[in-house]
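Report on the following structure.
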Amino acid sequence: MKGKNMDVQKLLEWLKKYDLTELTIKDGGYQVTLKREGQPAAFPHQSLPGIDEAVAAADGTCEPVASAAEPEDAPDKPELHEVKAPLVGTFYRAPAPDAAPFIEEGDRVEVNDKLCIVEAMKIMNEIESPVRGIVREICARNGATVEFGQVLFRIEEPS
Amino acid sequence: MKGKNMDVQKLLEWLKKYDLTELTIKDGGYQVTLKREGQPAAFPHQSLPGIDEAVAAADGTCEPVASAAEPEDAPDKPELHEVKAPLVGTFYRAPAPDAAPFIEEGDRVEVNDKLCIVEAMKIMNEIESPVRGIVREICARNGATVEFGQVLFRIEEPS
Amino acid sequence: MIRKLLVANRGEIAVRVIRAARELGIQTVGVFSEADRDALFVRYADQSVCIGPPPLSDSYLFYQNILAAAQSTGADAIHPGYGFLAENASFAEACRALDLTFIGPAPQAIRKMGDKATAKRLMKEAGVPTVPGSEGVLGSLAEARTLAAEIGYPVVIKATAGGGGRGMRIVGDGGELENAFHAAVNEAQQAFGDSGVYLEKFIQDPKHIEIQVLGDKHGQVVHLFERDCSIQRRYQKLLEEAPSPVLTEATRAAMGEIAVTAARSVRYDSAGTIEFIYDGRSRQFFFIEMNTRIQVEHPVTEMITGVDLLQWQIRVAAGERLPLRQEEIVRRGHAIECRINAEDPQKGFLPQTGTLSQYIVPGGPGVRVDSGVYPGYAIPPFYDSLLAKLVVWGETRKDAVLRLQRALDEFIIEGVATTIPFHQRIVRHPEFHRGAYTTDFIRRITAEEVANAC
Amino acid sequence: MIRKLLVANRGEIAVRVIRAARELGIQTVGVFSEADRDALFVRYADQSVCIGPPPLSDSYLFYQNILAAAQSTGADAIHPGYGFLAENASFAEACRALDLTFIGPAPQAIRKMGDKATAKRLMKEAGVPTVPGSEGVLGSLAEARTLAAEIGYPVVIKATAGGGGRGMRIVGDGGELENAFHAAVNEAQQAFGDSGVYLEKFIQDPKHIEIQVLGDKHGQVVHLFERDCSIQRRYQKLLEEAPSPVLTEATRAAMGEIAVTAARSVRYDSAGTIEFIYDGRSRQFFFIEMNTRIQVEHPVTEMITGVDLLQWQIRVAAGERLPLRQEEIVRRGHAIECRINAEDPQKGFLPQTGTLSQYIVPGGPGVRVDSGVYPGYAIPPFYDSLLAKLVVWGETRKDAVLRLQRALDEFIIEGVATTIPFHQRIVRHPEFHRGAYTTDFIRRITAEEVANAC
């Protein structure tokens, strides 16, 4: 394997870019194992030989195309928890067209409070808050398509 | 004109790259004048507007493809004068096939001493030394094609 | 007609589908995994949606997000490309259930042709020649002798439980049969603990030749001649050409007719390919399988017929009739395709990843490049290694070969090793020039090289 | 046959010549000025020689170094491309004197066609229609009336000393002639101090239509149909297509025959073009000039005929006979070429220099790119602004136009402004779609834009 084609630096970048928590590469027999947020995914056909072993962990973020202009980790802001879309679908802020939104910016939320609905395949998927805190930003428009990994909310956790 | 397309830096690089001694650009009427080692060359059809005026001088070198591997300005060498091919042709070290070469490496030469012949269009063009000094390097092979600007000799001038 | 088409694939085929759609005035939606955010097809699609993390099972094979992307973007059709979901009848049905036009054949045709045994049985019933042989285990030497005489020598006897050549005997004539039968039975018993053997015709100088077919929803089916795909490395095609340099016009016409018969028998209503194995000695051909999708090598057919297969595939899926009758489909000249993979031929064709620090594609007359990458692109390590397809056309095969040599020499890729040097060797090989190369050509020239190196 | 060909040109045409030579098995020598050391053609040539500093007069127009480069590299032929030395009879003779095959017509043909007055006289003698009009200054109103009746209205009266529209009158019918004649004479006298005027046919809805011809050294001449080059900006062609959307088959055939007659009359033995002005109202056409070289827009002809014009040009120069008779040259479909220049359409088409920070060329079916640049290339400020020619083919003109739109949208060039956005406007303009556009199309749509901006 050529060092310039796939070095450890590169692997670390991929780890970070795709939120991988674990990556194992072996040369003999060409095995690759990737783990991501607890879900194992094996690629038996993929071969990346040349590095005897590389195990690393990183915690990166996924930034969707649609929100490229949004500020991220601005120095004057406290650390915000990003709630991302776990599936592709249509984003709804309220349980029904004529109902009030689940939350507004500035609202306090507890863990498992409902934040929104992402409709996919005629199924209304309720998205719950994974943290306790104050909703600082609602990042998607009501009725808009959200893609996988898109940031939907930014929540300020109590420090 | 977009600054990124043609800025002064770029012009200075061109000056250096093509051994230009002068370059004038005017916006109104799109005039460009380039001068190179005393020979004027005008490009009336070329228009490079946007920079009001730029006059600069530089002394660059022309490095032929064929001699890319040759050492140039090596720090441990004295300053050498490069004699370049003024035309395209066949390089001959001697006045006739059975004659002795005009010069050998290590020879002393005076100004106007004959160094070699470049044959082009059946005409034998004698190349004379522009300087006095010791021939340190003969850079072309007898019988080889030399291209315009190719370094033929390196001569060490007395300091 | 279709207004907005979602492309459920990646790489060069996603770009190819987008091109066809745009030329038909159809809007396009790209779907991409997180590893493909910078891919060329994402750049070229009118709109695109991230559908999951890099693993295929979570993105390009994950129905739900793909179908949700189609629904939420208002797409009314889905093109599956090749691979991935292209020959997945359940996915095709899921599209139908959501009123999305699946750009491919009806699910029943995918199902019938997807199972090899079913496909072979159906083809036999339809009168399509398949490799002749015993239906199951041979009962006796006498049965073997009768069958072999019927099929014609040479034949091959193989262990039903076998593999790797054990329990296998090639039989040249009737005199060799008895010894070969007993040897095969004994060897099978020893190797697999099962003495069962079967017999079939032994294909000499085998070539992989396939016929492109196209059907519509109104019962019309046409063929668009053959492609010779015998240049393969471990069943991966590396170079394809049309027409095949070995077919006679009579055989070509017969194969075309048989392919149309095969497609008609499953009421095929899309672009598809009937694969045959061709015996270079006897000039017979036998059905192997049908691919119910557009294929990687479809451009060689487009180059000799002037027909845009992707556009036709989309138009017939939308219910249009085939615009041309069989006799209106004419071919001119010769086309060859090379698959330019990010693989290092010096290291057993190991897939390469890296950044394309330079990428200069060949151009000029008779050269077509279908590429999914661009200068500066970083190849993700998660997917296949196909970077580009280089396709050339020439008035004659000789013209095409010379043009291919020139185009390969012009193709400059820096940053990763590619198959270009290997293709340069193939196209300068005398056996390739003669055109009668067989499916073991790559194996043999690779072995030659190893032998020469020793 | 030729063994080694020196290419006395630069940019995309040098690359084009190298491609043709390589496909013919001919070695190539590139010659380059110091400003072109990094050019693509230098990279693609088998061998290359620096022939001088950037100014044209010291490099690409400097015979001595070019001929010396040919001799010292052992080249036996020189291809001049277009422009530069392509229509220089003295250079062609200098090549002959050194036993170098000049890839172009015999010097006498270059000389005869190079002088406009001589060319027009010769063509009249050969029976080729030229724009009818008075031989010199009109003697009287009566003479004007006789001539105008003979030619047919409308006619135009112009000052012989004139220019810029002064002393010019368009005359629609005989009733207008007297007033127009006197007005033109008076205006000419006032403006230029010379009352001389002449009269010629006024061309309505003018189109620039040219016929590609090809002759060999054995007296054969064929034509390869027409190209419509009416989309011009200040006499610079921006887009060319074949066939012309307005010609009837009868007119096409007549133009082809006349072009062959014209070429034969000067014993033309290479690739060349007969330019006509075409009257969109009367459907008459008139000889304007002959270009005795391969032209920038030759690919559109290659795309519809499948003929490699560069290869033929080289082969006939080497003494080969034309391989095809007139009736064997068939056309299929429609081709359009866009010249992608490094010019900013937003700033009066100012030439741009800079580095191509990104360069993604379109691909897929029916797309050909002839380019002289590559990603990361720095455009030198010394030469013309042509970066690439984008050529598309489609079965119909509509298919070709849709394909061209798609290909233009795919062409990504960063680092310099280009004419791509302007071409995108042209190909979406209703008048272009109709196809009856005339030589003032660009001037008019540019004026429209200025008017809309006010």
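Each chain gets a letter, A, B, C and D, in the order it is written, and its residues are counted from 1.
Methods note: a contact is a pair of C-beta atoms (placed from the backbone, for glycine too) under 8 Å apart; a residue touches a chain by one contact, two chains touch by 3 or more.
Everything quoted here is computed from the prediction, not taken from an experiment.
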Set of chains whose contacts include both chain D and chain C: none
Between chain A and chain D, centroid-to-centroid distance (C-alpha), Å: 57
Chain A and chain B, separation of their C-alpha mean positions in angstrom: 60
Chain A and chain C, separation of their C-alpha mean positions in angstrom: 37
Shared-contact residues (touching 2 or more other chains) in chain D: none
Chain B, residues touching no fewer than two other chains: none
Chain contact topology (line, ring, star, complete or other): line
Interchain pairs in contact, sorted by label: A-C, B-D, C-D
Residue ranges of chain C in contact with chain A within the complex: 34-35, 37, 48-55, 57-59, 64-69, 71-73, 98, 344, 347, 350-354, 380-382, 415-417
Touching residues (chain side chain A, partner chain C) in the complex: 1-2, 4-6, 10, 14, 17-19, 34, 36, 39, 41, 43, 46-49, 62, 64-65, 87-90, 119-121, 145, 147-150
Chain D partner contacts - residues on chain C that touch it in the complex: 15-16, 19, 22-25, 40, 43-44, 299, 302, 306, 308, 310, 332-333, 358-361, 363-371, 374-376, 395, 399, 402-403, 405-406, 409-410, 412
